[in-house]
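Below you'll find a set of structures to go through.
Next, two complexes with subunit A in common: one pairs it with subunit B, the other with subunit C.
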Partner chain A sequence: MQILSKSKLEEALNQLGKNAELFVPLARGEESGFYPWSSYQAGSDRLMLDALNVLLPPKSVVFPQTERMYSFTSTGPAVEIKETFESPQPRIIFGLRACDAAAIACFDDVFLTMGFIDSFYQARRDNTTIVAHACYEPGANCFCEAMGVDPTEPVNADVIIRDAGEVYIWESKSSKGEKLTAALGSLLENKEAAAPGLKPFQQQANYEGVAEKLKGMFEDPIWEQLAATCQTCGICTYVCPSCYCFDIQVKSWGEEGYRFRCYDSCMYSEYTQMAGGHNPRGNERERFRNRFLHKLQFFSERYGKPLCTGCGRCIVACPAGINIVEIINNIKEADTSVRA
Partner chain B sequence: MSEHKCNCENPLVPGIVEVIDIKDETPDVKSFFVRGIGGGVPFDVMPGQLGMVSLLPVGEGMYSVSWQEEQEYLHFAIKRVGLMTNEMHRIEVGQQLGVRGPYGNGFPVEECKGKDMLFIAGGIGLAPLRSFIKYCFKHRQDYGKIQIIYGSRSYADLCFKDELFEEWPQEKDTEVYITIDNPEEGWDGHVGFVPAYLEEINPAAEGKIAVVCGPPVMIKFVLESLEKMGYTDEQVISTLEMRMKCGIGKCGRCNVGSEYICLDGPVFTLAQLKQLPPEW
Partner chain C sequence: MKDITLKIREIAARLLQSGQVDIFMGWEKGQEEYQTRPFFARQEEDVEKLIFNEYSIHNLSNDLLKYRDGQEKIGIVVKGCDSRGIIRLIQDKQIERERLYIVGVACPGMKDPLQAVKDNSGFFPTAASAGLAKKCGDCIEPNPVIYDELIGDKQSPRAGEERFKLVKDIEDMSVDQRYQFFEDIFSRCIRCYACRQVCVACNCRTCIFDEMKPQWVGRETSISDNFMYHLVRASHMAGRCIECGECERVCPVNIPLMLINQKLIKDVNAFFGPYEAGIGYVEGVKPPLSSYQENDPDDFL
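And now, the complex of A and B:
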């Protein structure tokens, strides 16, 4: 068994940061997220490896908030398109949790399967190594296990680290992981250490059978009640590690410009607003319903798993106190037999 | 990246085409004929498939390809309804556009072989059906009787008038029925809405496939009429429209249930549509 002593953590991060852009969970001012280790300011930044989830997920490492797709010139009737995308430097996401690793597996399903491969995503994903941090003590809003995620055995990880007190157990899971093991060299030691047992979850989501049950609940009055307080602000989609919907837009000046894509949100009416006026999801309840059906039913029908990995960030972020665990349980418990 | 073919390496980056002809179809519909710089089509399409057209720097919009003429050109018929289409209506021959595709499943041309075909369209809804209609004429021996029922608000709003009044009625075993919503001077044809006209014509369901496209309200009543006339859900095909950005089933917005209209559609049988949430 290989272990990394916590006293050698910074040295290890410095070492890994030599050959790749290394993203680690940091608290920075009032924010927290995955930031480059090279930007770490001792004193003001705080390394959040042993905290649970930081505020923002690491999705921007593989799927940036904005991304230039190509540039163009438009001179009178003539148009020229220049592909400007360059494959990114090798990257490492260090210390993400099982929920975030599982969310990247959802991205892989979306961007790399079902007919077309998204070249922009693929380039970033291929160059990204994932060091996942196993969890043994679920937080106040954690419910990953209910969504089919084993917090102690993160999927999609190239390396799994496990907190065993004074040391992290280091377990390489892929050839990408072996490279990191090699890069760390003697910083890793051969020693025995034991990971703790998994403590009970505080949040109890009962997702079993919900995807199937939702098939008959599209027109159920429950949506009116569940969506009543939603302001469609979109913060849930922004902090969600598995929300991937994007927009494509143009920025231009004079004859030049570029086309880029950026995060979008299904909570906004423009998302589905068609030229000519028709909007299939024109009101808040319809958008709210689509978001939760996408997460809990549609994605599962298409890719065989829900598009929620139980990280609990939306529960924390929602200004209206909407709680996806309560939504799942409300759906699970709804008596649809008495309804027309 | 070659100059005139779609960039297959990256499905989100368009190839460049040139507008070689523009034709006024109605006061708010124009036909655009495009081909690759130096000739050829940017990609091959099957009837009912879609192309994403870029007018830079204005925007990008998804349109049904109304016809691919061999390796000569692609034809888009575009109605002026918003920002992008307004600007499209101002361009001139020689304008270069970006185009990527083909997207979507297209009409089931193989499965329809040997059937009698009933095409029912309203307004700009004829644009996607036209590719299938012309495909049937091109492979005339593969299809049985062809009936086309088409309506618009007025005579001026009828698309593809040369084909409707001159070419298509000349085709073998083909009937073309045209109606306009309200009477007008100089029009001695049928007056009334498409669903009522359909019931009046009453084409027998046996051995037939009905292909429907038009405004949502027309589709709704046509589907009811067809059901009354004995058409099964498997005999009825429609093509849907949603806002689209990527065209490749990734960006999220064009879903109806777990299906993406850009990828799994836009063509569905009524039997398939009835399995989806009623958001279409």
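And now, the complex of A and C:
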């Protein structure tokens, strides 16, 4: 078994950061998210590998909030593409949890399967190595297991690290992972260490059968009730590791310009605003319902798994205290037989 | 606070039963004691869920906007700051006073459930358990300024001499330091627009940030677009922010939005005051920057 002693962690990160842009979970001032290790400031930043997770998910590494796509010149009706900004440089996400790794697996489904390949995503994804960090102590809002995610065996990982006290157990899972193992060389040692057992979850979501049941609940009065206090602020979708909606917009000056994509959210009315003035999701009930149906029903119909990996971030950040675990359980328990 | 809870339930039951209101807006308990959240009772049996505790911070007045086009009569519980939000809505002609039954609670100061949830999330370095919410320390009016019924003993304002201390610190910086300061805070904005969404003064039917033709403010998370967003948002708050602090409280990346609002409050007061937004409702009176007179000074144009 290979292990990385915690006392050699910084050295290992420096080593990995030599050949790739390395992202690590940090608490930085008021912020909590994944940032480049090269920007780490000892003293003011705090490495969050010993914490449960960070608030802003690592999705931005493979799917940035704002991403330039191409630049152009347009003269009259003729448009010439000048440059395409695919971004193939090597990147490593170090220390993400199983929920976040599973969310990237959802992105892979969306951007790389079903007959369409998003080349911008592919360029980033192909060149990203994932070092996932197994979880043994779920936090106050975690419910990954209920959503089909095993916190101790992260999917999509090139390497899995396991916290065994003084050391991390280092398990390479792919050829990309082997490269990191090779790069670390003698920083890794051969030694036995034991991972702890998984502690119980505090949140209990019962998702079984929910996707099926939702098929008949589009017009159910439950949505009115569940959405009553939602402020359609969109925070939940921005902090969610698995939300991937984006808009394509343009910046231009004279004949020059570029197109970029940026995160969007189904919680916004502008998201479904149509050119003719109609908005099929004009009110918060319709927008709220869409978010949950996409997460809990539509995605599962198309890809065989929910678009929620149980990370609990939306529970933490929602100003109205809306809790997806309660929503799942409410749907599960709702008596739809008495309704029209 | 138990007494206040009981009193709120009693009033809500009475209003719903008699049909005096169709909806009664208050708070309920979430999973944990600290997860108090908004709750709208529609039937008498919902009333038992209503609570008032030290985490009833959420300003419910913003939720009235959901009903602005309806006919429903609405009962609503407000603290000092929230009641100023109601004046904001009435002044802005968003809701009629006659549709509301306002239950005022003299506010003992609140803690922030979002902070408590974050402290317990494992997503931040462990913090010392937070006391009174920051906005409550800056509160100039804990007593409701408009109500039909008042609960609780009158409270004293908590903002002291130091009300604009942070604003003054920033005013004292050099231009370069100040630019750096704002660049630092705005660069981390993720442009989720939650600060707008929870703001009772942000009640425009079509928000400038949603306009696409023309698109006034770009949607990139870049320093220029972020600055533009915050400049526009700030200028729209001048003379209108009622200091409920919700924008800053909900911001997922903790941008000190109240600092910006406070600068505007201070300046509006200095240039057009004495003025505090939403402190007293006088029919027909408008906030300083919401009216125009021929002889307004315009030499800066």
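As a convention for this text, the second predicted complex is superposed on the first by the 335 of 340 C-alpha atoms of A that agree within 3 Å, B and C clash if a C-alpha of one lies under 4 Å from a C-alpha of the other, contacts with A are read in each partner's own complex, and residues count from 1 in each chain.
Definition applied: contacts are C-beta pairs under 8 Å (C-beta built on N, C-alpha and C of every residue); 3 or more make two chains touch, one makes a residue touch a chain.
Computed from a prediction, not measured in an experiment: that's the story for all the values here.
Undergrad: Based on the superposed arrangement around subunit A, label subunit B with subunit C as either clash or fit.
TA: fit
Undergrad: Touch check for A:Pro280: first (subunit B), second (subunit C), both, or neither?
TA: In the superposition, A:Pro280 touches subunit B alone.
Undergrad: Check the residue A:Leu198 against both partner chains and state whether it touches subunit B (first), subunit C (second), both, or neither.
TA: neither
Undergrad: Have a look at where A:Val54 lands relative to subunit B and subunit C in the superposition and call it first, second, both or neither.
TA: A:Val54: touches subunit C, not subunit B.
Undergrad: Look at A:Ile222 in the shared chain and tell me whether it touches subunit B only, subunit C only, both, or neither; answer first, second, both or neither.
TA: In the superposition, A:Ile222 touches no partner, neither subunit B nor subunit C.
Undergrad: Applying the document's definition of touch, where does A:Cys262 land relative to subunit B and subunit C: first, second, both, or neither?
TA: In the superposed model, A:Cys262 contacts subunit C only, not subunit B.
Undergrad: Quick one: classify A:Asp247 as touching subunit B (first), subunit C (second), both or neither.
TA: both
Undergrad: Considering only touches as defined above, state whether A:Asn141 meets subunit B (first), subunit C (second), both or neither.
TA: Touch status of A:Asn141: second partner only.
Undergrad: Tell me the contact category for A:Ala183 with respect to subunit B and subunit C: first, second, both or neither.
TA: Touch status of A:Ala183: no partner.
Undergrad: After the superposition, just quote the angle formed at subunit A by subunit B and subunit C, using C-alpha centres and rounding to the nearest 10°.
TA: 90
Undergrad: Note down the smallest distance between any C-alpha of subunit B and any C-alpha of subunit C in the overlay, whole angstrom.
TA: 6
Undergrad: Per the definitions at the top, what is the overlap between the subunit A residues touching subunit B and those touching subunit C?
TA: 247, 273
Undergrad: Okay, in this complex, where on subunit A does subunit C touch?
TA: Going by the criterion above, the answer is residues 27, 30-32, 46, 48, 51-56, 65-66, 139-141, 228-229, 231-235, 238-239, 247, 249, 251, 260, 262-263, 265, 268-270, 273, 284, 312-313, 315-317, 319-323, 326.
Undergrad: Which residues of subunit C touch subunit A in their complex?
TA: Residues 30-31, 35-40, 58, 62-63, 66, 113-114, 117-118, 120-125, 188, 190-194, 197-198, 210, 212, 215, 218-222, 246, 249-250, 252-254.
Undergrad: Show which residues of subunit A lie in contact with subunit B when the two form their complex.
TA: Touch residues, subunit A against subunit B: 69-70, 72, 74, 77-81, 83, 85, 110-111, 114-120, 218-219, 244-248, 250, 252, 257, 259, 261, 264, 266, 271-276, 278, 280-281, 286, 290, 293-294, 297-299, 301-302.
Undergrad: Enumerate the contact residues on subunit B facing subunit A in the complex.
TA: 1, 7, 9-14, 16, 54, 56-61, 81-85, 91-92, 94-98, 216, 241-243, 245-246, 248-258, 263, 277-280
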